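Chain naming follows the written order as A, B, C and D, and within any one chain the residues start at number 1.
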Amino acid sequence: MTVVQDEPRVEELLELYRRMSLIRATEKAAYDLFMSGLVKGTTHLASGQEAVAVGASAALEPDDYVFATYRGHHHAIARGASPEACLAELMSRATGLCAAKGGSMHLTVADHNMLGSYAIVGAHLPIACGAAWSARIRGSGQVAVAFFGDGATNIGAFHEALNLAAVWRLPVLFVCENNLYMEYTSIKTVTAVAQPAAGRAPAYQLPAEVIDGNDVVAVRKAVSAAAARARAGDGPTVIEALTYRQYGHSRSDPGKYRPKEEVDAWLERDPLLVLAERLRDRGVDQPAIDRLDSRAREEVAAAVDAAKAAPPPDESTAFTDVWADGGAQWRT
Amino acid sequence: MADLITYREAVAAGIAQEMRRDPTVVCLGEDIGTAEGVFKTTAGLFAEFGPQRVWDTPISEQAIVGAAMGAAMTGLRPVAEIMFSDFLACCWDYVANEIPKMRYMTGGQVTVPLVVRTANGGGLGFGAQHSQAVENWAMAVPGLKIAAPATPADMVGLMAAAIRSDDPVLVFEHKQLLASKGEAPPDDHVLPLGVAEVRRRGDDVTLVALASTVPTALAAAERLAGDGIGCEVIDLRCLVPLDARTVLDSVARTSRLVIVEENPYQDGWGATVASIVADEGFYDLDAPLKRVAGACVPLPFAANLEQAVIPTADRVATAVRQTLDSG
Amino acid sequence: MADLITYREAVAAGIAQEMRRDPTVVCLGEDIGTAEGVFKTTAGLFAEFGPQRVWDTPISEQAIVGAAMGAAMTGLRPVAEIMFSDFLACCWDYVANEIPKMRYMTGGQVTVPLVVRTANGGGLGFGAQHSQAVENWAMAVPGLKIAAPATPADMVGLMAAAIRSDDPVLVFEHKQLLASKGEAPPDDHVLPLGVAEVRRRGDDVTLVALASTVPTALAAAERLAGDGIGCEVIDLRCLVPLDARTVLDSVARTSRLVIVEENPYQDGWGATVASIVADEGFYDLDAPLKRVAGACVPLPFAANLEQAVIPTADRVATAVRQTLDSG
Amino acid sequence: MTVVQDEPRVEELLELYRRMSLIRATEKAAYDLFMSGLVKGTTHLASGQEAVAVGASAALEPDDYVFATYRGHHHAIARGASPEACLAELMSRATGLCAAKGGSMHLTVADHNMLGSYAIVGAHLPIACGAAWSARIRGSGQVAVAFFGDGATNIGAFHEALNLAAVWRLPVLFVCENNLYMEYTSIKTVTAVAQPAAGRAPAYQLPAEVIDGNDVVAVRKAVSAAAARARAGDGPTVIEALTYRQYGHSRSDPGKYRPKEEVDAWLERDPLLVLAERLRDRGVDQPAIDRLDSRAREEVAAAVDAAKAAPPPDESTAFTDVWADGGAQWRT
C-alpha cells in the first residue's frame, strides 16, 4: 500500500479518462434504453459524478470494500463490473450483474468487494462500518469506503455510523457526493450547516476535507491520503466531494428545479472536460482523447447488443437464493 | 358525478378537501411542496395552502413522523408522507412503539390524531426495497387504524376519514393504482373507517381483497363468470378496523373463501382473516379456504420474476377452482 | 446430563460454545461486555474472550445491526444484541429491508450469516415499550429465520444452530423464561432450525405453542388431563422455517387445534399456522380452530391488567373446552 | 414572558428547595417501595438530578411543553404531578397518574403539558420538535423542552431532531442531563466527543452551553435565556447539564461500575446541599431548611398511605383507551 503521487503519470491519467468515458457512455446507453422502454423500473444516473468513483477507485487496493447508493452505476463499473453485465441487469436479462433480481438500484460486484448499492438513503453507512470493523478484527489491512449523497447526511444512520466509526477508530472512509440536490429539493434548504458532510465531522472529531469532485486527480489524492490514515490505524475521514448530476434525479426527470445558469456552469466543469484539459496540458492531443471516447462508445454499443441478445431470467429464479442453500423454502 | 379522476388526483383531492375545512391540517414530507411529491400525489397543495401548511423536510423519516406525532398531541392534524412504504422501517419506532401506544399508556390523557400516508406495493419493477406491500407490518401493531383504498372515490373518502379521525391512521396509496381512473366522489365525501364494500355479488365463492388485489380479484371473477362461477368480491378497504362481519356473512352464503393479498403469505393480513373464518365461520365452510398471497421472497426486479411472486388473476382463478373442486 | 441450568445461563453457554469453536464469531451490543448484559445473558463472555470478541456499543441500534451486517458480509459471524425486542423498531430497516434481502437482490452473490438476539415478551410489568412479543413482526419478513426457544437446552442448541447458519437468524430470548431451569444439554449441542418438538402427547386436541406459551400450554394440558382430556402440545421452536408438517400430522390425529401465542391476535404468527391448517388440514378439522393470543392492545403496566391481556393457562383451557364442546 | 433574574429572591429559592426536596422524598419512597415489593416492574430514579427539572420548570411558562425520559419522576412532579399520583402509578393503583397503565417509565401530566416520559432512548426528541412546530404554526408562543440523557446523543433520532429543529428554527430546547453513564457503561467510552450534547451543536449551527446541572439557579438561568431566544424566533438551544444519579441505573442496581471517589465527590455536590448552602449565604438558617425537608417527608408519607389505600385498576380498564372513543375494538 502506497500513497499516490499528487500528479499522476500521463498513462495513469489516460487510464482514468478511459474509465470515466466508459461510465459516461454506459449511462448514456442506459438513458436511451430507458427512454425506449427497454429498461423498466427506474434508473439514477451518475453522469457528471464519474470522477468521484474513478478517482477513489484508483486510490484504493483491489480488495478494499466499496458501498454505494442506488446512484451507483459509476461505482460498479469503477470497481470492475462490465458495462454489459450492468446494462443486462438494467434490461432484466439473465446475464445481468444480479441475475436481474436487483436492478439498477442494487448493482453489486461481490468478487471485487463492491458490496452493494443501497436504495434506502443512508442505510449503508453502518454496513460499511461493519466491513471496516471486520477488516480490523481480521487484521486484513482493508479499508471500507461508503459513498453517499448530500441528502443522506440528515438521516439517523449517518450519525450512528460516524460516531461508531470514530469511537472504534475504524478503517472507513465516508465520501459524500454532494451534488447540491436531493430528489427535487436543494440540500441547502433542509440542512443546518453549509457543508452537509464536512460540516458534521466536528461532531465526531473526525478529519474532513471538501474537494472538487469533478477533478479526478483531486479525488484520487484525497482518498489515497485518507485510506493511508485508515490503514495506519488513524481512523475514519470524511470527504465531501462537490459535484453535480447532469441528468435529473431519476428516470425522465428533466430537473426543472435547477437554475439554467447553475446547470450550464457545472456542464462546463464536466469531469471529462476537466481531465481532457489536464491531458492536453500534459501534451496529449485532442484526437487521442477523442479516440478514447469513441472506443468507449464502441465497447458500450457492443455491450448493448449483447445484453439485448441475452435471454430474460427464468421464472424459476424468482424462487432461488433467498437462503444460502440457494432455495426459498420457509416451511415444511 | 360522472366525471372521472385518477387515484393519484384523489390523494391530493382528499387532503385538499380537509385542509380547506380545517386549518389545523398540515402536511409534511420529502419533496411534497413545490415538487408536489415524487408521485405527484400532493399536486396543488403547496400552491393553494402555502408554506405554513405544506412543509418540505430533510430525508429524516424519524423526524417527519416523530414531529407529526408531537404536533398531533398539541392541536394540529398532521398528514405525514413517507415516500415509499418500505421506508416505514426507518421510522418504525414511531409507528409501532410511540404513536399507537401513547393514548393507552397515559391512561387516555393524550390523543394522536395524525395520518401517515405512503406509496405501497409492487408491480412496477422498483426492486426489493421500493416495492413491498407492508400493510401487514402495520396490522401487527394494536393502536393503528389502517386504510388501503382501491378506487379514487374511496381514496378521497378514506383520506378524509383518516384526517378527521382522532386516532392515528395509516393510509396506503398503491403505486400500481395511481394512474387508474374512477368516478369522482360527491363533494365533501367522507367514508367510515372499517366498512368493507362488496364490489361484486356472487353465490359460489367469496373473494376478499384489498387495494391492488381488488382489480385482480374482479378480473378473476369476470373470467370465472364465463364458466358460470359466481364470485362475491369484498374490498376490505381497511385492515383496522377490520370488517370481519361482512366477510363472515358472505361466507355463510357462499361456503367458500379465497383471500387475495399482495403482502407475503407468511404473516400476511389474510392469515388473520382466515383464522377468524376458520373459527367463527368454521361450520359455514364447505371447502378448504385458500390464500393467494405474495410469495415468501423479497421482490425481484425483472418484470417476469415480479409477476411470478405477486398475485395475478390467473392464480386467483386457479385457487377458486380448487376450492370448488374440493368438498 | 442430569444437572440443571437456567435459560439465562443457556444463552451465554450457547454463544460461548460457538465462540470457542469458531474464532470468527464476535458479539456486539449495549452493556454486554464487563457489565455482562442487562439480563446477564452474556455472563462470562467478555472475561473469556476479551475485547476483540465482545464489543460494547453506543446506544445506536442501527449501527449495531448495520455493523453486524457489514461484518457478516465480510467474513465474520456477528452476534448482535438488541436489548429489548421492542427496540428492533429502531433498526427495523436493517432487519426488514437490508439483511433479509441482500442475498436475493444480489443474485446470490452475498450471504449474511449473522444472529440478532433479543429479550422478548411480557409478564414482568415493564410497560408498553419493554414488554412486547414481536416475533410476528419478524415473521412478516421473508429472508429471516426465527428461533424462539422455550427451554435451556433448546436455547443452547438453537443459539448454536443460529450462529452456524449461513442465513440471518433472529433469536428471541423470552424475559419470562430467563430464570427457569432445565436439563443441561450434552456437550456441543446443536439443533436443526425448523424442527418442532412434541412436548406432550395427546389425542383429543393439538396445542401449538412457542417460547413463553409452551409452559402455559403445558399447564393447561396438565389441568385438562385431570378431566380426561388429552392435549398434544407442540413447541414450534422456530417460526421460520415453520414446521407445519408436525402440526398438520398432529391435527390429522386430534382433529382439533388451539394455537397459543403471546403476540397480539391481529397479525399474530398463529394466524399463519391457522390459515395453513384451514387449507391443507381442512378435512381433518372437526371443530373450529381457536387462537389464544395477546389482546389487541398495548401492554399495560399493572400486573393484573397485563395478565388480562396475555395468554394464561385458564384461557387456554377454556379454548380447549370450546373446541371439544363444538362439533 | 420575562427573562428571570440571575439571582432569585430568597422566597423563590425556598420554593425551589421545597420542590427539590419533595422530589427527593418521593423517589426515596419509590425506592423503599420497590425494595419492599410494592412497586413492580422497574424504576429509574433521578435523585441527584432534581435541580435540572426544578430549575428548568421555574424558567418555563405553565403551558410550555415538557418531554422526559423513563427517568422522569422529577420532571413529572416539577410540572405539577402530585407525589401521590406518581406513587400510586408506580404501585399499580387505579388512582395512578396514568391509571396504572403506564408505570414508572411513562409518567405523563397532560393537563400541565408535561407530554410524556419515553422509554425508547431518544425517541422523544423529534416528538418535542413536533410540539414546537405546532406552537409555531399556531402562534401560541409556547416552547417545547426535551430532557434526555447523555446516552441518547448517539442515536439517530437525536441527529434528525436537531437538524430539523435548526432548519425550521423551532422553539425547542434540548436539555441533556449528562450524568456520565448510560446503564452500566461510561458515556466517554462510546462517544466521539467529550461533551456528548454540546459537542454536537456545531453540526447544526446551534448555540450550546455546558452548565452545572446540580445548581438549580444555573439551570434556571440557562433555560430562561434559551426559552427567551426560542420565543423570540431565534430557534433552538442545546443545554448540557452536568449532573449525577445517586442511585444505580434502575431497580436495585448498586452502580458498582462507578468509582467510589466519583460517587462521593458528586454526593458532596448534591443539588439540595448546594442550594441549602446558597440559602444559608442568603441568611436562611438551617432549621428553616430542615423544616422544608421534614414537611416534604410528611407530605410523601401521607401520599404513600393514600396510594397504598387505593384500589388496583379494574381489569376492564385493560380494554379501554386504545382509541380516542375510549374503546379497544379493532374488528366487527
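The rule is simple: contacts are C-beta pairs under 8 Å (C-beta built on N, C-alpha and C of every residue); 3 or more make two chains touch, one makes a residue touch a chain.
Here the structure is a predicted model, which is why all the values come from computation and not from measurement.
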Checklist line | Selected interface, A-B versus A-C, where C-beta contact pairs are more numerous | finding: A-C
Next item on the list: Averaging each chain's C-alpha atoms to get its centre, pick out the one most distant from subunit B.
Entry: D
Check: Any idea how many Å lie between the Cα centroids of subunit A and subunit C?
Finding: 40
Notebook entry, point to check: When the C-alpha atoms of subunit A and subunit D are each averaged to a single point, how far apart are the two points in Å?
Noted result: 46
Checklist line | subunit B and subunit C, separation of their C-alpha mean positions in angstrom | finding: 30
Notebook entry, point to check: CA centre of subunit A versus CA centre of subunit B: separation in Å?
Noted result: 36
Next item on the list: Pull out every residue in subunit A that's touching 2 or more other chains.
Entry: 98, 100-103, 106, 118, 120, 154-157, 160, 163, 167, 189-191, 322, 328, 330-331
Item checked: Residues of subunit C whose C-beta touches two or more other chains -> 57-58, 60-62, 86-87, 89-90, 93, 97, 104-105, 127-129, 142-143, 240, 242, 266, 295-298, 300-301
Item checked: Footprint of subunit C on subunit B - complex, ascending -> 86-87, 89-90, 92-93, 95-97, 100-101, 104-105, 127-129, 134, 136-137, 139-140, 142-143, 240, 242, 263-272, 274-275, 277-280, 282-283, 285, 287-291, 295-298, 300-301, 327
Note to self: Help me check something: in the complex, which residues belonging to subunit C touch subunit D?
What the structure shows: 30-31, 33-35, 38, 56-62, 86-87, 89-90, 124-130, 266, 295-298, 300-306, 308-309
Notebook entry, point to check: Can you name the residues of subunit D that touch subunit A in the complex?
Noted result: 154-160, 162-163, 166-167, 189-193, 199-200, 202-206
Notebook entry, point to check: Of all residues in subunit C, which touch subunit A in the complex?
Noted result: 26, 52, 55, 57-58, 60-63, 65-76, 78, 93-94, 97-98, 102-111, 113, 142-143, 165-167, 194, 240-246, 276
Item checked: Sites on subunit D touched by subunit B in the complex -> 65, 67, 96-103, 106, 108-111, 115-116, 118, 120, 123, 125-135, 137-138, 144, 156-157, 160-161, 163-164, 167-168, 320-326, 328-332
